[in-house]
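Residue numbering begins at 1 within each chain, and the chains themselves are lettered A, B, C, D and E in the order written.
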Amino acid sequence: MLEVRELSKAFGGLKAVDKASLDVAEGEIVGLIGPNGAGKTTLFAAIAGFHTPDSGRIAFAGHDITGLAPHQVCAAGMVRTFQITQPFARISVRENIMVGAYFRTADRREAMHLAEAVAARVGMTSQLDRQGSDLTVAGRKRLELARALATRPRLLLLDEVMAGLNPTEIAEIVEVIREIRTAGVTILLIEHVMQAVTSLAERVYVLNQGRMIAEGTPAAIAENPEVVEAYLGHGAAKVLRA
Amino acid sequence: MLDPQIILAGVLNGLLAGGIYVLVAVGLTLIYGVLHIINFAHGSLLMLAMYAVFFLWKLSGVDPYVALPIVTAGAFAIGFVLYRGVIGRWSHGKDENILLITLGVSIIADNGALLFFGGDTETIDVPYAGKIIELGAAFLPLPKVISCAAAIAICLGLGLFMARSDTGKAIRAVAKERQGARLVGIDVEHIFAVSYGIGIACLGAAACLLMPTFYVTPQSGYAFVLVAFTTVVLGGMGSFVGAAVGGFLIGITESIGGLLLGEQLGQIGISLIFILILLLRPTGLFGARA
Amino acid sequence: MLEVKGLRAGYGAIEILRGVDLAVGTGEIVALLGSNGAGKSTLNNNVCGLYRPFGGTVRFGGSDITGARSTRIVEAGLVQVPEGRRIFPTLSVRDNLELGSYRRGRSGRQKNLAHVVEIFPRLKERWTQPAGTLSGGEQQMLAIGRGLMGEPKLLILDEPSLGLSPLLVEEMFALIGRLNAGGLSILLVEQNVVQSLAIAHRAYVLEGGVVALSGPARELAEHPGLRKSYLGH
Amino acid sequence: MRNAALAAALLAALVYPLLVPNYLITVGMLMFFTAFIGQSWNVSGGFAGQTSFGHAVFFGVGAYTSTILHVSYGWNPWLAWPVATAMGGLVGAGIAFLSFRAGLRGSYFALITLAFAEVFRIVANSAGFTRGGLGMLIKADSRFENFQFATPIAPYYLALALCLVSLAIAWWLTRSRFGARLVAIRENEDAARALGIDVFAEKVKVLTLSGAMCAAGGTFYAQKYLYIDPSIAFGIDKSVEMLLVTMVGGAGTIFGPLIGSIALTTINELTRNAASVFPALKNVQPLSLVVYGAMLILIVARLPDGFASLLKRRHA
Amino acid sequence: MAKKQKMPVSRRGFMAGSTALAGTMGFPLIGGAQPAGVKVGIIHPVTGFVAFAGSQGRFGATMAVEDINKAGGIKAMGGAKLDPLFGDSQSKVEVGVAEVEKMNEAGVAAYIGCYQSPVGIAASQAAAKYNTPFLIDVGASDLIVSRGLKNVFRIKPGFGVCVDQGIEALGAMNKAAGGVAKTAVIVHESGEFGTGTAKLLAGKLPGIGIAAKELIGHDNPTRNFDNIALRIRSSAPDIVMMSNYQNEYVLLARTLHQQKVNLAGMFSVLGGGFNYKFAKEQPEVSQYMMDTNHWYNPKSEKAQALKKRVEAAGKEFTFEVYLAYTVVGLLADALEHAGSADKEKLTAALASSTFKAELMPYGPTKFVNGQNEGAKAAVLQADKGDIKVIAPAEFAEMKPVFPKPKLG
């Protein structure tokens, strides 16, 4: 469904993403992990049309979407969320989600229904009338998810929806994401909370210093010495194996 | 067509006028560079400083050049307090809020001046106002030569201060890296207020240099607002060198444009330059990419 | 020396730290570990006065500095070398270092400059260059050098190895060890778990805003929970 | 409850001119007219968050377009009105296209609109077809079919109608997809983009709408006062006035500009009248503008959503 | 009644205020049977850009009202007092119109105003709806009296007359000086007033043998006249004519002086900054500058006395003051003739007025389409910090100095 080939993006002299490639098949949950500053968010932004890649190609559902603007990418059926949540602060949760819902309909009533339905799916029904700025972290993360879902995407790009949540909240949102997938939405997620990635993703890509260094099942990845080193530091693989 | 001598004189006039633009723009660009705010009250505060010069002269007979240190220091104090008490405290750090607050300050300043000083045109008559330095076709009025030279000297002094002193370095540090500045123990809010104060102090100096040849009314700050904005975007928002080069460029452009196209269209030139730079090269000549 | 008790903190309505206890003794290196988003930087920022904590106390050198301004905290001798270095890009290397003694250690400026140059001879070569043009490793040296200029009693190093080549990472850890050997207390915030644990005396692992593991570094290195915290297994 | 209050207010507005002297009718007309042009600012500045310092550019384009068509080409002003409105929209689209294509936001956008207004002012001051600085005089001929009115009542109702239309537009913005998108853009441009909003296109659209509304106000003004010149039409005073009433009343709310306009017009009339009753106070008039300025600062500082938020708070 | 009130805090302040109030508004402090006053709306821009001029106008009108009331009010109406309502147009058209509406409610018999032409145009139009006479005290644009409005009266000369008079005087001076001046440059502000005057001047100059070499427009405000000085020097005209508002007028004069532009004369028509203040504060700059402007009749004792009074009050005797004063006199005269404050009668009385504007160098008042055909401007020259009338001859205080001595 999503094909990224040899994508590069540099800022100034710094290569944030360096010839990274990845594939996501329809119906999958795929994880993208990597240590701090690996370039994950930049890669996401490039896929979603927020940055124009310097080189490389992105295809979605068989169409080349390289260099398209975010709204065009969204129209193709792919939508992203943000690592730092960006709620529309001075409007209600319902109205927040409606902004997403309006992507598929111009009708206010329909958008409201859709928004409420989505809110129910992410467990926000009780918070529909709250202001965007009044939400807790967990609430914001859910809102981020709900708004994106309301555009009825085929592929969701989730950027660290679990960062900053406590274990209970994580467990809850993992459940929500599973259900979203069950409902037929493909998911690519950046995540640091490894338990979550492990329990959710079928496959995981590892990005380090802009380069894709590994790909495989979560279990295999956790054993991959290069990944362990990237995460835990030089010499870690040897130490841990011992 | 015009005599090359006249053109040369026009360039010299432009340079002289540019000196003041530089001073006004340096204050604006400093405030922008450090605080990342556009000080919409710049013109009004210049006007207040000009009234200060006028009243010092009228009531106590203080020559504007003698008044320079007094007015500059006073302007610094007012800028510092204004930032601490109003702008910094009430803007909640939002760009648009600051713009609106400085707009509010300018409305208050303009009408306050009208309230207390009246709407009349006030000038001061200093004995050296009519002195001229002849340079070919150019007759350079002594006060303008002095003002330009003083403006340059003040800018150089300010540059030196920024380069050498701890406070100057702290200002430059805060401009680019607030977090880092806090972590070495720089009081960032204090530096903001100091920077705003210095920006306004530049206006104080400019007022002293302007008054021997200019006039003051509650509206006279506006004459310099758009020019200062244009100078700053031309030079690059926040760029010290840019403001200096930009000020002289604007002075000369305006001068030559006025000579060739007529003064009225010369003014449109300022606005057009402003628009074109913002549209085509928002970083200006010397600005760093945002 | 540093004592954090029940610290709760976050941004706006968002609570990130949910009651953290942590201490650094005189002469110690303490490692603070945890994956991204665990709250390490939030802890740093609240300890150093960049943000005001929601609750809990922070004591340094015996006095309460909870919610104090960063100027006072630096003055007291608690200096942070932040993640991402946060050097002043338009200022020269020398000016960066001099500003390190803006609030504290001003009288010892010349002596300390010489000291820093001794530790990082590379900086001398770049003396008048704008700091923004330095390489990543050099910037990290500069950031640490700038921190040292303030004659800290406790130095917080936030991700000093981030973005450095493996060789430089080795060097960096060796250096941290040397600084500590010279008597400086250090709180080391790292994701480079193995090397951090190798030089630290004690360590804490943050997870979801609370301390998940803590203890002597050697013991933690063996702890199965550590690996799980990072890699999920 | 709310509807009843609104209906009562509307009724009051409708019978108001039948009960009060002409002077108060004129003041009422000014309130509604200022609320109308304030609302034009609110559409782009309040709902979409694109602060403009140069809205007078649209006002002036509207005033000049209809006046030129009427005076120089003999058009009936009623016919010239929609053309002037469209011109305002066109200029709005043009300025938006250039500014937003260049990626200008926040203060930069505010300043460039100021500069555009200044350019238009200088052109109007120099060009032949605007009669330059002499200004344009519309021949007095007080007939309704000529868009001129013998009594203050007709312009009052017309201004009221304009104000109602603008309220309807604002109401529509709070209930429509377009409005939701504008608010999203105001609150967070990046998030709006991620949710499939073509931010650039929506911004161009809203400035087109805003420009058209403001230009319609310009024509109304020209026909009411029968004289315009470059400073009246394109001067910064008008721009600031639109911004002030909206900010004070509550940017991004339906009734903000109206509330702001009522408040500011009232303060203004009171201070002016105070001065007429007590000549000893004659120099006090600038004080009203000092008060405006202070209110602006206070509102930015303490009431980011303007006076309207006070009402809302009480409701809640 | 004021005396009965107890003012716990500031009795003196209150008393002072109420006395001033009563004084200015012509209310007697001690009651008695008085005929109803005649309400007059006096609208000036006392705030905003031209607040100074506006306040001057209001001051002049206030004095006139006081004088008339003190002298027994309108005798034909049983000594009815003038009852002024003061309005502030804030330099804004819509505010000026609102003032007209408001004062109409109060039942004013006539309006006086408005200084700025745009405000005057709109305000008098609004007054026309109520058929209320509108007396223009200052307001240069001839658009004001070209609209066929029956209620508008302007006692002072318009553009056209001032220009003609100025040109005539300049022609005569030039002839007397042997035709030294052959070319002129006209510097004007680019607004309504400056542009209009400049066009008229340029059209008429050839008639007196002077070629208009260049028309230089400038914006308000202009920061710097150095280049205009340069251009003037490069085209080397014999005279510079200027037509602009106070700030720019003063700045231009100072700049030409500083830049040592050598001219036979500087001549303006309705020069915005040519007044006592300028002459006094900038004696060197203003020396021998000439202007055609509204001016009082220096030979009139009444005018001289008024001048002393104004100066004693710490104000300047500018044309706004005595024009407003004169216009109030015109109104009182018309009221005497009409014998009533009835608008129709008053309008008719104004239209047929033969009021003798004693303060002014005017002939008998004669309104044609609302313009006083008897109005004349005076040609003035600054001399050692003072201003002297040099033409028309019957009012002249001194002989013109033309060409002026070359600069050293």
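Definition applied: a contact is a pair of C-beta atoms (placed from the backbone, for glycine too) under 8 Å apart; a residue touches a chain by one contact, two chains touch by 3 or more.
Please read all numbers here as calculations on a predicted model, not as lab measurements.
Taking each chain's centre as the mean of its C-alpha atoms, the one that lies farthest from the centre of chain A is E. Mean C-alpha position of chain C lies 76 Å from that of chain E. Here the CA centre of chain C is 54 Å from the CA centre of chain D. The distance from the centre of chain B to the centre of chain E, with each centre set as the mean of the Cα atoms, comes to 37 Å.
Shown for chain E are the residues that touch two or more other chains, namely 47, 51, 55, 190, 217, 219. For chain D, the set of residues touching two or more other chains reads 122, 125-126, 283, 286, 289. In chain C, no residue touches at least two other chains. Interface note: chains touch in the pairs A-C, A-D, B-C, B-D, B-E, D-E.
Interface residues of chain C, counted against chain A in their complex, comprise 10, 12-16, 18, 35-37, 39, 159, 161-163, 166, 169-170, 190-196, 208-209, 221, 227-233. Of all residues in chain D, those touching chain E in their complex are 21-27, 30, 122, 125-126, 132-135, 137, 139-140, 142, 150-152, 221, 224-227, 229-232, 237, 268-269, 272-273, 275-276, 278-280, 282-283, 285-286, 289. Against chain E, the residues of chain B that register as touching in their complex are 2-3, 6, 9-10, 13, 16-17, 111, 114, 118-121, 123, 125, 129-130, 132, 137, 139, 141, 144, 213-215, 217, 219-220, 222-224, 227, 254-255, 258-259, 262-264, 266-267.
The residues of chain D lying in touch with chain B in their complex are 49, 51, 53, 98-99, 101-104, 106-108, 110-112, 114-116, 118-119, 122-123, 125-126, 240, 243, 247, 283-284, 286-287, 289-290, 292-297, 300-302, 304. Residues 48, 50, 69-71, 74-75, 79-82, 86-91, 95, 98-100, 102-103, 105-106, 108, 111, 132, 147-148, 150-151 of chain A are the ones touching chain D in the complex.
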